[in-house]
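Chain nomenclature is as follows: A, B, C, D and E, assigned in order of appearance, with residue numbering initiated at 1 for each chain independently.
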Amino acid sequence: MKPTYGTITVKTAMLVIAALLLFAPFLFQDIRALEVAARICIFIVLVASYDLLIGYTGIVSFAHTMFFGFGAYGSAIALKQMGPGWDAVALGTLVGVALSLVVATAIGLISLRVKAIFFAMITLAAASVVLVLASQLSQITGGEDGITYRAPDLFKPATKLAVDEDGKVLRWFGVALNGKLAAYYFVFATSLVMFLVMLRITVSPLGTVLKAIRENEARAEAIGYRVVAYRTFVFCLSAAIASLAGSVYAVWLKYTGPDTALSFAIMIDILLMVVIGGMGTMWGAVIGAVLMVMAQYYLRDLMGAASEATAAIPLLPELLAPDRWLFWLGIIFILLVYFFPKGIAGTLMARGRRA
Amino acid sequence: MTNLSETLGRWGGVNLLPLALAAVAFVLIGAPSSWVTLTVAGLSMGMMVFLMASGLSLVFGLMDVLNFGHSAFISFGAFVAATVLAALSTWLDGGWMLASAALALALLAAIAFGLAAGLFFETVIIRPVYRDHLRQILITMGALIVSEQIILAVWGGTPVSVPRPAFLEGAWIVGDVSMEIYRLFAVALGLAVFAGLMVLLNRTRIGLLIRAGVENREMVEALGFKINRLFIGVFMLGSALAALGGAMWAGYETLITPALGGEMMIVVFIVVIIGGLGSIDGTLLGAIIVGLTANYIGYLAPKLALASNMILMMAILMWRPSGLRPAVK
Amino acid sequence: QEDPIKIALIHGLSGSSFEAFSKQAQTGFELGLEYATDGTNEVNGRPIEVIIKDTQFKPDVARAVLAEAYGDDEVLLAVGATSSGVTQAMLPIAEEYEKILIVEPAVADSLTGPDSNRYVFKTSRNSSMDMQAQALALQPDENLYVATLAEDYAFGRDGITAFKAALDGSGATVVTEEYVPQGTADFTAATERMFNALKDKEGRKVILVYIAGGGDAPGKIKALDPDRYGIEISMGGHILPVLPTYKRFPGLEGAVYYYYEAYQNDINKWLVDTHQERFDGPPDFFTAGGMSAALAVVKALQTADSYETEDLIAAMEGMSWDTPKGEMTFRPEDHQALQSMVHFKIRVDDDVEWAIPDLVRIIEPDEMNIPIGRDNSQ
Amino acid sequence: MSLLSLKNMKTQIGQYHVLHDITFDVPEGGVFVLLGRNGAGKTTTLRSIMGLWQPQPGSVVFKGRDISRLATADIARLGIAYVPENMGTFGGLTVQENLVLATAGGRFDQTRLQRIYTLFPALEQFWTKQAWSLSGGQKQMLAVARAIIEPRDLILIDEPTKGLAPAIVAAMGEAFREIAQDTTILLVEQNFNFARSLGRDMAVIDDGRVVHRGSMADFAADTDLQGQLLGLSA
Amino acid sequence: MPSPSLSTRDLTIRFGGHVAVNSVTCDFHPGETTVIVGPNGAGKTTYFNLISGQLPASAGRVEKSGEDITRLSPSARAGRGIGRAFQLTNLFPQLSVIENIRLAVQAREGAGWSLFRPAASRRDLIRSAEHYLDAARLTDRADMPAASLPHGDQRKLEVALLMAMEPDIYMFDEPTAGMSLDQAPAVLDLIGKIKADTTKTVLLVEHKMDVVRALADRIIVLHNGELLADGPPAEVMGSKIVRDVYLGTATEETA
């Protein structure tokens, strides 16, 4: 298909976002911005891996945070028990991925027998069981309160990557070359690699098969695709990637708890991001994650300002009160599903089709 | 094997499940008074969940709409009823006539609110996404977020206490057996609603029309029916049932928070799935089974209480992949 | 005029129904500043600027906003947060930036435990205090038989452990410990088990309810008529909006963190009057908590040698200061503020909307043996 | 006066202009046949009459009344029945339930029912089966039966013989002839032989325009015209 | 006679009490085109479903070149060279025409599991897909989503998908139903080309007698699920029983 003007717009936006993320530590030299950038990287991967399921294959799962959590808790527990070291990160990550694969295979095999909507409910049930387990096994998981631990020394803010003559940490464009910077680039690089892998998969012949299964399962079976095998495969694949993303996030945050890695609220965030960005296109994941994370961190401030600015008008300030930001997000979400069912990326890309 | 299942089928098939459950529990529990107490508690719990779940099942079974926002109606019903009861708290202390009038008003207010909210929800939120499950899940999730925020804005985040008429307080004690009066009331109301729904669906053409409309709206229109009005009607009914369920639940909980609907949602979903999505009798069956199991397991093996619903659901889905009594599709 | 002293208030303001608690804490904090500075809002001639941030009840957001407060806004110290999990996640940030975090109103003991650090001070009470005070309020002896009901997670189990520890040596017996899943709404099964365990005992029979979530466990137990076996219910107090439900338990005794009529001192009097005047109602739990935190901050600023973190820590370790609920003291080892609790007895007055927890006595800090979470000197 | 008359009807679906100018009159009584290649716009014409697409400008006059702005249900109530291309049977409902919905009061007129039984014996045989399990041809029969279970003034039928066995096609032809005694049928058909044997008047649509109007007898005689308009012969 | 490429032995399926296909035993040979006729509801589509695996047999067997495939899944049967087109159009509606075809090519090539090479770089797959696109005269529609094609083109695409699978056994279920007279020949040409390849076996369900006449080497008649007649076209169509149950009083002209 010939590219549309919309597609070109979207791809340009991608390049801009990639560049912004790449140079984030230098462009935005405040602490919150770096947190936001790292979170965006992780969520791009997480959302993209979820999009493999929901957007490409048409599988609705509510267990995606569960896999994210396996990865996060794997690394977190290993780092806590074994102390800060790369061996702990590697072991934790591997265990997380392995666990994810086992659970995903088991759930995938159940999906042989039940309808899509039941599958969604089973994943919901499985996710809530794991959430409860994490809270009950508080000896190792820290329960509701979660666990704090140290990341490998390289990522400690006090670590100096390069020093000047005085032995003080070297600065480039005002940015200290310390462990925090290393940690950010660790997050950025791993996310980028995972995202590119997924991107590659979606344009491969396999990607088309996944879409075919979404469109017409019976016909895909009839022309010779073992639908169940493919479904289970993507389910495992996306679970593994979510788990990896979880491990990276755990290393970055140095804290893992139900609210950062397992809770249903994250699942809803992921859904929102997928839908806002646009299902069935990897670019959608990027757009969705960027917008939502930004909203989570900055919308409140904006609304606070708006609320003050409109203080004289009745009613408006209350609705614009910063604490009601979720309300607005919900409304925006509904409007999107209503008017742009393909999300921002999907809608843009369908625009201005070239003759 | 086939003989056995046929005989069972003649005796009621899966409908016997609750009886079997109760029989096994009787043996395991040993103490008859505890068994009766638990059984009544389980049944009534099931009935209250049924009230909440029936609307979801109805809307799914007839309209093929998966409403994740259903829990918002439950919460709204609870808060509306609580507000009315609080406003009429003087009536509650003024003899049983006035007290029951207050209760009736509270339930009616919840129902009225459910009807109005259902009307709004159907026309604004659901109408554009009929037949598209994925978008239904998403848009109703969005509606859920918005509704929860509205509840937070209106009623605040702190728990609200729910006064209830004195004649529903306390328990009815027979020997060592105690049965909460409020629960018995819930059972009665649940049965009445069940009977009403069965008549509506099986004795009128409405059920048929709506099922047909779900499959092919245009064709029903082409046969001369205004399908929109019917759909709105069903949706309003479903929402009203949810609100009624929420109101009853508020009276049971006596202290409610905006999280109420969300907390009930998982069990509501489990019930609807166990029963077989979309059938009212299946929902009742599922609700009773869930209610009974929760109480029996809670007594016999409290450690398992948490997972009992999930295990129950998985087991039933393994045995019957589309639930116990799926709507004929 | 000199630069303002910046203080960050970091609480969950959206995304959970606990946001109301955060509001109380922040109101309390601001009232505390007002009281401590006689309305000037200045300490040593420098104005105090309060920066409010929202954790959205998400640990990762909380970490980011706390880091931002320390790093970008350059606050002197921060106060927060509402839920224990979120607060737990914030602790290492304080250490990383080497700045003080005052924990208020999150309760968990672990916030001053081994995973905490020397930059963390805690003005809110902890679960051990709740449970020990609760045990003391039962006036335990050999004649006492208790069945406990709690939720099945760390918070519930730790609470019961603390409760049992407090009963130790008193001769009282715990006949059964029931744990129900979080979010349970039907307590019939657990109640039957407790009734069965208690009903044949000779002596005072009590069911101790320790459930933080909703579900109204005591009401459900009450509905099953424990009186027929002579069983009483005991539980801790609660925030004002919940107190109406206590009307069903006239005579119930227990312990609570704060009730506005329980304390007779100038600070509390000012708090109650001012709150009544401005918000048309008495102050609640977390209002008092927030105020205590503010009073601690002002006293520390007034007494410390400088505003360097190390000097502040030195000033605060072992510091005693006055609060609406009497004197509190930061224990040097783990920086937990030791404080009094209220032993109450429920009285029902039809003219008052809620049940009134009449003061039986104040349980003084030294009556409780609160375990030390960590030792900073090591 | 004609029963139905379309004047300059244009229909747009989304951004596509599908019908450009449809003008023809259907006289009362008999079978009026609409012919055209795949994609010519025949189905769209029927749907526009039925109000399932909104024809933009132009008018649709039925029994002297402009119905182009009415809702589908109201159009149906004026006495128009529609048998869509994809049959539109309700798979989840039984054959009986499908038919019940098409009756006015929920009650069957026994003589009409008997006629349907004789016409399509399979329907009697599968009376209580769900419609999704019927064979392709059986669904087609059900769809036609639904249109004639009540007396109507006009029946719009879209390719009824598609996928039907010859014997059934013949029977259906007989049935249409009989129905057409007191009802008008607007028939869209690819099976030219079938159409020819029934039609009195006809029109040909191509690319959203009526390219030919006339009597069936004339058209059937003119093989050149057939070849030109339908791609017949060659 | 060569050994059969496909045979069914006492193949039966019951739906509740109704026997839709009743103990049908029949052999099909390479190089032969068999047309299956029978009244509506005779069980023709169901017979196809049993062979291609969409429905599980209640009794009896299906054999492909002597191998028992009765218990295999539809995808496994497709892998063994059994391909079919559907009576009611059954496509991937949101995918483009060329993607639809490429899916079939890819399935045959076993490229479904290839995940790291972009599909756009698989010239082999694309070329093959384009070949069938051309054969079905759909080239100018290549980039349109299948759902937006008019009915006739969708039928052609349905056939093109089957072609692209390059099976040994081709099963067509009323390929020209609802197709206008100018379109049908394209499809018949395609089938004619397969007929020319004597290693292929063709099964065709069709009601249009001119099509039957043009293509059939052999006709079998199903009625109430049973095999009623089997033989050369002239003989079968001439028999009284076929006239009674199938053609009725209809002359061939109106059919």
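A few notes on this one:
In this text, contacts are C-beta pairs under 8 Å (C-beta built on N, C-alpha and C of every residue); 3 or more make two chains touch, one makes a residue touch a chain.
All of these numbers come straight from a predicted model, not from anything done at the bench.
Shared contact partners of subunit A and subunit C, listed by label, are B. Comparing the CA-atom centres of all chains against that of subunit D, the greatest distance is found for C.
On a Cα centroid basis, the chain most remote from subunit E in this structure is C.
Note on chain placement: the centre of subunit B and the centre of subunit E lie 49 Å apart, centres being C-alpha means.
Separating the centre of subunit B from that of subunit D, both taken as means of CA atoms, is a distance of 45 Å. Separating the CA-averaged centres of subunit C and subunit E is a span of 75 Å. In subunit A, the residues touching two or more other chains are 132, 324, 326. Counting partner chains per residue, subunit C has residues 19, 152, 181 touching two or more of them. Those chain pairs judged to touch are A-B, A-C, A-E, B-C, B-D, D-E.
Residues 13-15, 19, 54, 56-61, 63-65, 67-68, 70-72, 84-86, 88-89, 91-92, 96, 108, 110, 115, 152-155, 157, 181-182 of subunit C are the ones that touch subunit A when the two sit in their complex. Residues of subunit E that touch subunit A in their complex: 52, 54, 73-76, 78-79, 83-84, 86, 90-96, 99, 102-104, 106-108, 111-120, 122, 125, 143, 161, 165. Contact residues on subunit D toward subunit B in their complex (touch as defined above): 50-52, 71-73, 76-77, 81-82, 84, 88, 90-93, 97-98, 100-102, 106, 130, 146.
On subunit B, the positions that touch subunit A within their shared complex are 66, 125, 128-129, 133-135, 137-139, 141-146, 148-150, 153, 266, 269-270, 273, 277, 306-307, 310, 313-314, 317-318, 321-322. Those residues of subunit D lying in contact with subunit E across their complex are 36-40, 85, 122, 129, 133-138, 140-141, 159, 162-171, 173, 190, 192-194, 197, 230-232.
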